[in-house]
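You will see chain A twice below: alongside chain B first, and alongside chain C after that.
Showing the complex of A and B:
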């Protein structure tokens, strides 16, 4: 093992972080309207959301990324490898986050909706001011563990040429014929990113829990 | 700080100032059924401006259901609710505008407080003013602080609800409802989730509110409040009003057997 190997793999860290963060933000944001559609009174919206969720959750992430990058990317909608992987993983994340939000919603006391109604709050305010903040708080532990899973899935980016941790590790392993130490270094980096994310989520969860006792 | 002396609850009944006023709330033939079960059976009720009416009765008699019909949290199957100039037919879905103006006129306090746990006490009281009445943050906060002082909780403004006792939370909920300047306040068993001492501080706030001339409809198990603070008592059983009249008369000399049985049961404990 040499310092070159270590640095070489390390240059992939920003890309791994960027793919994970971008896909998660996209998914966490799209998950909210998707969850609302899933619970809508309008049957059509419910069906669309359900089909979306089933479609994006039952096809492997690798396949979705290929669909966006090689499928759409070849002519229809020219996108970069980074955009392709963020789109693929982001849309899958949206489906999963919608289900996480739906679970969290049942933890919010019915009285919160009733109080909002009785106070004549407009529905935008009920969702944005009252429900969404509590929803995000309740879904924090599940979201964080999903984000850690997503970090690992982001390695798919390497298959379409995004120079992330896995891409660099693969490249260096092939050029040095020293697979074991190189991939061990890559594994170490993934662990070093996962652990703080999990710890941060736990700390935030405990802090919010203490404040609102929910 | 507020006076927590229980004797203040036993003050003589206040004057019936609003007696001559025109009705502020009228319920006409309110009926609610779940399948074959009749929860409210053609109920009629009129409240004059400034009147305080207590609704008592055994569990399952439809008291809370009636309150929830008034602000349409749980609309009746049929019947009409008239608040001031606003008349609403409960059997058809109301327009958004009707619903908003109904709920602006009618404030509600819940048994389980239902404060927003992720907001400070001040935000709890200010947010609805901003979103519903369009008040600026500054004006809303000013009004909130006045109301929090009125319920004896000026110093809790920056705390979160979880840091307040149940009695304090309920007083905050009262301030939050009052902040929208309602014409009528509905109380749905406001002290049932509280131990007697914390319940008392809520009752004192309600008593002060009654004195100030607020029109109040209170579903309660607090017999002392019903007898000494309210102007009128309504006893409900099986979805019907079985007895109704001036508080002292109803509480001390009920006419129907069902009412006698109920009052004997609650007084003999």
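Showing the complex of A and C:
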């Protein structure tokens, strides 16, 4: 194991983080309207959301990324490898986040809605000031563990040529024939990134738990 | 439309061959991974220090490293240590490790759900620790863990698509090869997606039903 190998694999860290962060932000944002549709009174919206969620959770992430990069890319819409993987993972994340939000909503006491209504709060204020902060707090642990899972899923970006940790590990392993230490280093990097994220989420959870009584 | 259907019909046999390989590799990985998960769950709970440490390492690496990296480690890395695996064997190695690591947590939660009173009762009746595990804890614990384990099995079928990276001719690889030959990526990848969904959607619904049924009995 040499320093070159270590540094070579490490140059992929920013791309791994970029793919993970971009896909998570896209998914966390799209998850909200999707969750609202899933719980809507309009049957058509409910069905659309349900089909979306089932479809994106039942087909492998790698295949979705291929559909967007190779499928859309071959003549429909010019798309870069980075955009392809963010779109694929982001839309899958949206489906999963919608389910996480739905679970969190059911954990918020019905009295919160009743009290907002009794105080004659407008509905945007009910959602923005009353429900949203609690939703964030309740969904934080599951969102964080989903983000850690997404970090590992982001490795599939390497299959379409995004120069992330896995891509560099693959490249160095093939050019030096030193696969054993190189892939061990790559695995170590993923574990080293996920540990602080998990710790941070736990700390934030405890802090919010103390501030927002539930 | 006719054109699309005839293209799909022409490529369906190759995709079904791929699907068979996907199902085989998933099946073998689960057949090794589930018992491994049970052993790891017992190992993590064990009071023997060394056993405990080894189990924890296997679980944490299996859960912490991406399955794709473990796959490539097995296929491109192990030959350096004198262990050359075929792509099928490497896939089974990596996916079984992954399964063992994740299911050990599911199974541990199941085992811990068995009320402590039953374990105390067993020891009061003079049952040995092994018999308590075999006849009291494991049967009830696995029953609780069953829906989550089946849910994990569908995830594993999806994870088997990663074997694309080590040139195993499974569903995603075959679809990709047809795509590069015909340049009709969208059509062929959609068909592959439909095949995955055809297995995973009913399986997911079945897991949900099972969850509700088992929940009724235990509560």
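We adopt the following convention: the second predicted complex is superposed on the first by the 214 of 214 C-alpha atoms of A that agree within 3 Å, B and C clash if a C-alpha of one lies under 4 Å from a C-alpha of the other, contacts with A are read in each partner's own complex, and residues count from 1 in each chain.
Operating definition for what follows: contacts are C-beta pairs under 8 Å (C-beta built on N, C-alpha and C of every residue); 3 or more make two chains touch, one makes a residue touch a chain.
For clarity, every value in this text was computed on a predicted model and none was experimentally measured.
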| item | value |
| --- | --- |
| Fit or clash between chain C and chain B when superposed on chain A | fit |
| Centroid geometry (CA): angle chain B/chain A/chain C, rounded to a multiple of 10 degrees | 110 |
| Partner chain in contact with A:54 - chain B first, chain C second, else both or neither | second |
| Touched partner set for A:62, first chain B, second chain C, both or neither | second |
| First (chain B), second (chain C), both or neither touched by A:204 | neither |
| Which of chain B and chain C A:112 touches, first, second, both or neither | first |
| Contacts of A:32 with chain B and chain C, given as first, second, both or neither | neither |
| Partner chain in contact with A:17 - chain B first, chain C second, else both or neither | neither |
| Per-residue contact with chain A, leading partner among chain C and chain B | C |
| Smallest separation of CA atoms, chain C relative to chain B, angstrom | 27 |
| Contact set on chain A toward chain C in their complex | 54-55, 57-64, 66-67, 70-74, 76, 152-156, 158-159, 165-166, 169-170, 173-174, 177-180, 182-184, 186-187, 190-191, 194-195 |
| Complex contact set, residues of chain A against chain B | 109, 111-112, 114-115, 117-122, 125, 129-130, 133-134, 137, 211-214 |
| Touching residues (chain side chain C, partner chain A) in the complex | 60-61, 64-70, 72-73, 76-81, 154, 158-162, 164-165, 172, 175-176, 179, 183-186, 189-190, 192-193, 196-197, 200-201, 204 |
| Footprint of chain A on chain B - complex, ascending | 71, 73, 99-100, 103-104, 107-108, 110, 112-118, 127-128, 131-132, 160-162, 176-177, 180 |
